[in-house]
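Chain IDs A, B, C, D, E and F follow the sequence of writing; residue 1 opens each chain.
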Amino acid sequence: MSDHGYEAGRLNLPFVGISTFGKSPYVADWTTIDADVAILGAPFDFGTQWRPGARFGPRAVREASTLFSFGHAGAYDHEDDATYLGANVRMVDIGDADIIHTKTEESHANIEFGVRNILNAGALPVTIGGDHSINIPCINAFAEDCAAHGPIHVVQIDAHLDFVDTRHGVTNGHGNPMRRAIEKDYVAGMTQLGIRNVSSTAKDGYDDARARGSDILSVRQVRKLGTQAVLERLPKGARYYVTIDIDAFCPSIAPGTGTPSHGGFLYYDVLEILQGLAQRGDVVGIDLVEVAPAYDPSESTQILAAQLLLNFIGFIFHARKEHSEPS
Amino acid sequence: MSDHGYEAGRLNLPFVGISTFGKSPYVADWTTIDADVAILGAPFDFGTQWRPGARFGPRAVREASTLFSFGHAGAYDHEDDATYLGANVRMVDIGDADIIHTKTEESHANIEFGVRNILNAGALPVTIGGDHSINIPCINAFAEDCAAHGPIHVVQIDAHLDFVDTRHGVTNGHGNPMRRAIEKDYVAGMTQLGIRNVSSTAKDGYDDARARGSDILSVRQVRKLGTQAVLERLPKGARYYVTIDIDAFCPSIAPGTGTPSHGGFLYYDVLEILQGLAQRGDVVGIDLVEVAPAYDPSESTQILAAQLLLNFIGFIFHARKEHSEPS
Amino acid sequence: MSDHGYEAGRLNLPFVGISTFGKSPYVADWTTIDADVAILGAPFDFGTQWRPGARFGPRAVREASTLFSFGHAGAYDHEDDATYLGANVRMVDIGDADIIHTKTEESHANIEFGVRNILNAGALPVTIGGDHSINIPCINAFAEDCAAHGPIHVVQIDAHLDFVDTRHGVTNGHGNPMRRAIEKDYVAGMTQLGIRNVSSTAKDGYDDARARGSDILSVRQVRKLGTQAVLERLPKGARYYVTIDIDAFCPSIAPGTGTPSHGGFLYYDVLEILQGLAQRGDVVGIDLVEVAPAYDPSESTQILAAQLLLNFIGFIFHARKEHSEPS
Amino acid sequence: MSDHGYEAGRLNLPFVGISTFGKSPYVADWTTIDADVAILGAPFDFGTQWRPGARFGPRAVREASTLFSFGHAGAYDHEDDATYLGANVRMVDIGDADIIHTKTEESHANIEFGVRNILNAGALPVTIGGDHSINIPCINAFAEDCAAHGPIHVVQIDAHLDFVDTRHGVTNGHGNPMRRAIEKDYVAGMTQLGIRNVSSTAKDGYDDARARGSDILSVRQVRKLGTQAVLERLPKGARYYVTIDIDAFCPSIAPGTGTPSHGGFLYYDVLEILQGLAQRGDVVGIDLVEVAPAYDPSESTQILAAQLLLNFIGFIFHARKEHSEPS
Amino acid sequence: MSDHGYEAGRLNLPFVGISTFGKSPYVADWTTIDADVAILGAPFDFGTQWRPGARFGPRAVREASTLFSFGHAGAYDHEDDATYLGANVRMVDIGDADIIHTKTEESHANIEFGVRNILNAGALPVTIGGDHSINIPCINAFAEDCAAHGPIHVVQIDAHLDFVDTRHGVTNGHGNPMRRAIEKDYVAGMTQLGIRNVSSTAKDGYDDARARGSDILSVRQVRKLGTQAVLERLPKGARYYVTIDIDAFCPSIAPGTGTPSHGGFLYYDVLEILQGLAQRGDVVGIDLVEVAPAYDPSESTQILAAQLLLNFIGFIFHARKEHSEPS
Amino acid sequence: MSDHGYEAGRLNLPFVGISTFGKSPYVADWTTIDADVAILGAPFDFGTQWRPGARFGPRAVREASTLFSFGHAGAYDHEDDATYLGANVRMVDIGDADIIHTKTEESHANIEFGVRNILNAGALPVTIGGDHSINIPCINAFAEDCAAHGPIHVVQIDAHLDFVDTRHGVTNGHGNPMRRAIEKDYVAGMTQLGIRNVSSTAKDGYDDARARGSDILSVRQVRKLGTQAVLERLPKGARYYVTIDIDAFCPSIAPGTGTPSHGGFLYYDVLEILQGLAQRGDVVGIDLVEVAPAYDPSESTQILAAQLLLNFIGFIFHARKEHSEPS
């Protein structure tokens, strides 16, 4: 008997149906999340310093994710000879955090509230930005979780260091999140991959980051080291929080973003790191930010984000299953 | 005490949240529709003769509709001094009919099934195409409803007559629906507004339409007559089925469509006819077709479709309420 | 027996086939033109003062024209109850004049050569630009024709007066053609419709035009007078050369042009003037210029150009037939 | 002797040179403004409730304005037989107010500072947004000016009433400015033109506006009354502050904006009102907001804004000259 | 004496002239094909499961091909120090197969008819899609040719396996062609290059393909092996039919396609395989599919397709000449 | 004390302010240039053979450059642990050369005049095109400079050889500049990197270039050799003039150009060559050409150009400082 599920029911082609992430069920009541992984949209973009529009990132990534949402039982990958995201991985989409225009703190608080609800439900939080400032409430939400389960190691994949402390009074813009994260006592370490070229972080920010123990690698440095060597610089078996700024990628595949920077990662550069992370430790939280669809009529950027997230989530639960099974 | 509902709960700005039509609840189980009006997507576009892409019409119109979905209690219109779509109008979105690529008849059958479910639930069906061929299953679905409640008068708002009988064996393409409709014994009459310029319907199609009693008016003829005179050509108190091809409009406000035709309607030309229809008789079914978002980076076309549908639905239920209340 | 021609042969949908204008036969050898009307592309745009790109006008208008090229025997217009462009009108596309980059005079000479070939063949020349400077060689080509058949009256439909004599040595740019035209002894008069707002022509150009007898009307003045009154200002029964700059139209329907100007004509404003011209005199030459497709992703501009030209050509030959038949 | 200035110096075609507004001189030091009219950019867009991007409005409008910046001595208008913006009108561009991401109040304060500098210099302030919330600091800046010269009457041209008092704590978003304005004791009255369809202002906002004496007219109402009758509803000889939201216009000519609304004004609807205002009283301040170029690849929106502003400024100084001359 | 042919005749810049493929002669009568290679357009796209629009692929690729169609005698490649596509290679464009909307089988039959005509004329058929389902009639057309000259080995360059047998009754969509091909007794083998990520083919499709002897390699596997090793896995001296789905390429250079998949081939990855194929055996048929220009405003996708095809055709005839000459 | 300069003054985010290159001061009077490096725009594009639009290159690159113009004291690069473009490098923007439509020689003369003024002021000229023909006046302007300081070696980074002598009388189009350059007695040598695929230069052009000693390397050849080996083929310590055609890059990162060619350089391919050039000799002039923003809605192309130029200028003055300091 075939198990792809096409014999009965709908064909459900990718272009058909309401756009939730991966066509997963929508859960409007955040007190009833019962899932392994929950998607939260964080459509906030007042923290940007160049082109805005990441507020439409969650909707764009959701719609693009339907391209990969065929009705068969899980996603078969012939290179790995593995089926990911089978029926055993329960994914839900809990919609978006409420955003209040002109109000940064209130909006951030609503994002934090969403992530905390997911964590309370025991699910893996995957937050889709919005600009990179939304990482701040995402990390804030881990305070209790870390108190209970131990600290996190933040892995940032990004073109920019985002390590500005404060400037003209701004502490919660999209140039500040990594500086905010490292201040937490439950952030045990930080790895920053893809960092290149001039950005809002000045030299003093780099000095500060290095002094606080962050491991900063450029795209060229990552490639020279190779995936395996990069992974080995991370603490093994740690709890990783992974924050992916889509501008870590080359503008050739991610033009739809606020502050593109040439010389970025290509697809497998990052995919293989993410696959390695899933195997090396426990990925406990994810955010993917800065998809601004208005600048990419080809929709490649959101397709990249969706393809990456679906694969990453697949890797994580595949690794969890392997870990929990006797070898 | 204010009744706009902002004091409690979410601000719920237009750009926040899952894109159902008008942010109405999504009803996945078509046997449980309990509403006054239900939205069905019909993302079928194999019937097009020029630019395809109307399969993404339902998603585009849904997303655009959120622009008009502020959290206040209904939509206040200062020109009419009326509040439309208040809490008393229960609207749901039932998602999309299942579409089977390369298969026209099967896809049409699935659309018909959706409309029939809405009618069975006693709700007003509003189908968003897809190309104009999806009107064929929409009309088919009315067979039982008309047997019970009487025939319908079809009001078409369109640039093209769509009155081809058969050509090279094609009977269910987007040039055929009005010919298919008029064949039904439960279609009592037809009014075709906005028809202009050359199209796939040749002279014999016009002759056929006129011979069958259709009332054909061009944009210039509609404007010369005026809204009131046009309305008076329609049977009063009839059951109207309204099919709106977005290419009825001037390409200046609806460029995102497969077969644009210059010289079309502007916004109020059509809005006022729709408002008049809601008052003159009973609108029992609606479809809006041929929104193809790929050709309109400004998103004006889908915003037009959403603005028009939300207003039209508002007019219909406002008129129903007035009719049911003692004056 | 049906005469629409679908029973046999190909369905030939608009999106199918090589893009010549109106899917008419391509005539590569300019010495063998045997037709009533011949289309020439003039992809020259070094004369522009703002956005270039009109060199792709001929290709864009050709491709758009296929939208209106259904296989039926002529184009039936239900408003006029007339069939235009039936089999009796023989149309050919002779391709493009050879353009030499950096060389204005040589390129213009090649355009003039093409138009002269069409005139020698006794066909109506319809030249698709290219920027408005290509009107200069088009008019030059009429020297012999006018010597034989009498002078022409130039009807310009445009946002800009294009009446600059010389500036910084430039005499053949897109701001000069009407000044160049009026210098010809075979240009008997000039009517300039749609002129509005600031442009490269300064006050002295207007004074010069008026002094030379040109009749200049703005969009608002044309509308206030009405089509009929405007037509009556033109000499009856004259030989008209009509030059249409697509920027005469409102940018809402013609955004794809180099120098848009708000407040322009809508579709029927111009269509009715063209229909009136076809009836009032003998249209002996046409050019349509300044379609620059790169600025209009919706393709509305080239669709407008194609729709207008096909209708205009239809009107001309319909009127010629009527004139030649006993009433 | 010709006075268009082309004989000497540069041809200076529109596409050549640095993009200041109207190619006017840039004044970096705001303490040295010596001009009749000064342009200020206010690239703030955190107050938007749908599509952001108006922060790029000032740059887009500046670039578009160069299309109308030919080198001749003023802009000759053949319909009015008048030359506007001659050498006697001294225009400067003072660049942009400093904007602080995530910080609304600080950014608004910087805008207010710029307008106040212009007023102190005795020049007419023309502020280019940015979203409509930037009207709030513009009006704030008039406190001292009004104390000295008398109150202002605010004329708003807009699709939306923008009359929300406070919601979820938001008082300075783009839905609030008219409510903020009417609170000022130096705002003597308000006229709101173009208001239509559903928006963030609920019924209570309309009631509040009417109760405070605002005159609200829809597009259809303005057209029915006619320009002259509309103008006569305004106090004659008053000091007008004019705030133009580009979404007052039909999306056909202004698609590049955050919250488009169909059924808007066309070009001459507004131009003639502005020309009338310039003659009826003293225009003492202008802002034009919500141009978001990312949504309009045709650039029509910014061309509209530039064309409108240059004409309006021309009308104002033409009227001032006429008023100051003995008739 | 120079042989580039510029001295006489036209300069014939790329942007000038009617868009046939490579500006080759158009042959309307398919019974009179007299050429070495013939181009057929197959503008069918009802088989797509995500974004439609490949029906405009043939026109887009033809227009892009003119970029590479300078008038010199053949295309000189300095890396190979060889001149390709000299006057000895006779190329024609036979236009498009007739497509019937809503009708898959009839449309496919017309494509098959076109390819069979080319084969009957002894020319190399190069079919430009259209979606990948058009490969089905292309392969069907080889039945007689293979009966006469021996079987073919199919080389697929694609992101997706396209090996679905039947699903919901669909057997001829763009997910089915490779399954349809391998069923033919005249298909001796199959090599599938570039296959990656999730697609409509589920695990059972992969199992089926492997069981039938197909050699499946991902992009990473191809790169790891190297071009030469990949080529050596193919039977030497065989008759190759090459089907290129443009989505085999990275979306960075081929965003204009229906179902993009990140991680694809770059230009030389594929070019060098094609050059190797031309030398290793006899390329007897080609199709290139899934170019959907609506999603790529930069036109890079169709430029890629044209550049690739022109080079590939050049390689093939260069290799044929070398093979036929004594070494 | 911090030296990033944020404590006082403006935050000056990238999207704020007038768009000069790198937000450097604008110098309108070319007789008063007092700087180390001066930017000149050369918005001329009548020399193109495919898509025009490079006339908007200078404005696009200027606007994109503001993305990298944060207010800190210089640009810190963590890979090099160096700060580039500190306060010691005085950069100015002198605006654009005057361009005369339809007039190639006059426009080129104005560009030459601008470059000569920069050289006379002792500053490094950086000219932003415009099409590649603008390199001709740039090189012409070096006659006196080379007479005084010695010849230059031209390093071209480009897809196309641009070595056409004359064709149809054209000697100054964008296919001619390298042929024009090598004719100068003050051009000592030439290196042409990135050359690939068919272009307007036929075989005889390559033969001519090689005969005159030019070193031609394709993208694949450059990569095979490696950056260091490529650099060593250039004369050490020479005076380099570097001309960068943006189409040297892969269309994936530079789609916004007239004649894209697949298989081009990626970012670091070129950046590392430029960094090496700055160290190997004295870069005395730069032009960057063929950025045509109309074809790249993502703005990646102009961002690439700006990022490259700012880094290159940084490298040059960093190297100059190192050379002038005792080690």
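The rule we apply is simple: contacts are C-beta pairs under 8 Å (C-beta built on N, C-alpha and C of every residue); 3 or more make two chains touch, one makes a residue touch a chain.
Composition by chain, UniProt nomenclature: A, B, C, D, E, F = Agmatinase.
No experiment lies behind these values; they were computed from the predicted model shown.
Engineer: Return the chains shared as contacts by subunit A and subunit C, ordered by label.
Structural biologist: B, D, E, F
Engineer: Taking each chain's centre as the mean of its Cα atoms, which chain lies farthest from subunit D?
Structural biologist: E
Engineer: Regarding the subunit B and subunit C pair, does the interface count as same (over half of residue numbers shared) or different (under half shared)?
Structural biologist: different
Engineer: So, what's the distance in Å between the C-alpha centres of subunit D and subunit C?
Structural biologist: 38
Engineer: What is the distance in Å between the mean C-alpha positions of subunit A and subunit B?
Structural biologist: Computed from C-alpha means, the inter-chain centre distance equals 39 Å.
Engineer: At least two other chains touched by the same residue of subunit D: list those residues.
Structural biologist: Within subunit D, the residues that touch at least two other chains are 11, 13, 15, 49, 51, 55-56, 100-101, 168, 170, 250, 252-253, 295, 297.
Engineer: I'd like to see which chains touch which, written out pair by pair.
Structural biologist: Per the contact definition above, the touching pairs are A-B, A-D, A-E, A-F, B-C, B-D, B-E, C-D, C-E, C-F, D-F, E-F.
Engineer: Please output the residues of subunit B touching subunit A within their complex, sorted ascending.
Structural biologist: Within the complex, subunit B touches subunit A at residues 10-13, 15-20, 26, 41, 43, 55-56, 59, 62-63, 93, 95-101, 297.
Engineer: What part of subunit D is in contact with subunit B in the complex they form?
Structural biologist: Residue positions touching the partner: 49-51, 161, 167-168, 170, 195-200, 202-204, 206, 216, 218, 220-221, 250-253, 255-256, 259-263, 295-297.
Engineer: Could you pull out which subunit E residues touch subunit B in their complex?
Structural biologist: Going through subunit E, the ones touching subunit B are 45-49, 51-53, 55-56, 100-104, 106, 133, 168-170, 172-174, 294-295.
Engineer: Considering only the defined contacts, which subunit F positions touch subunit A in the complex?
Structural biologist: Interface residues on the subunit F side: 2, 4, 6, 11, 13-15, 67-68, 70, 72-73, 75-79, 83, 250, 252-253, 266-268, 271, 297-300, 303-304, 307-308, 310-311.
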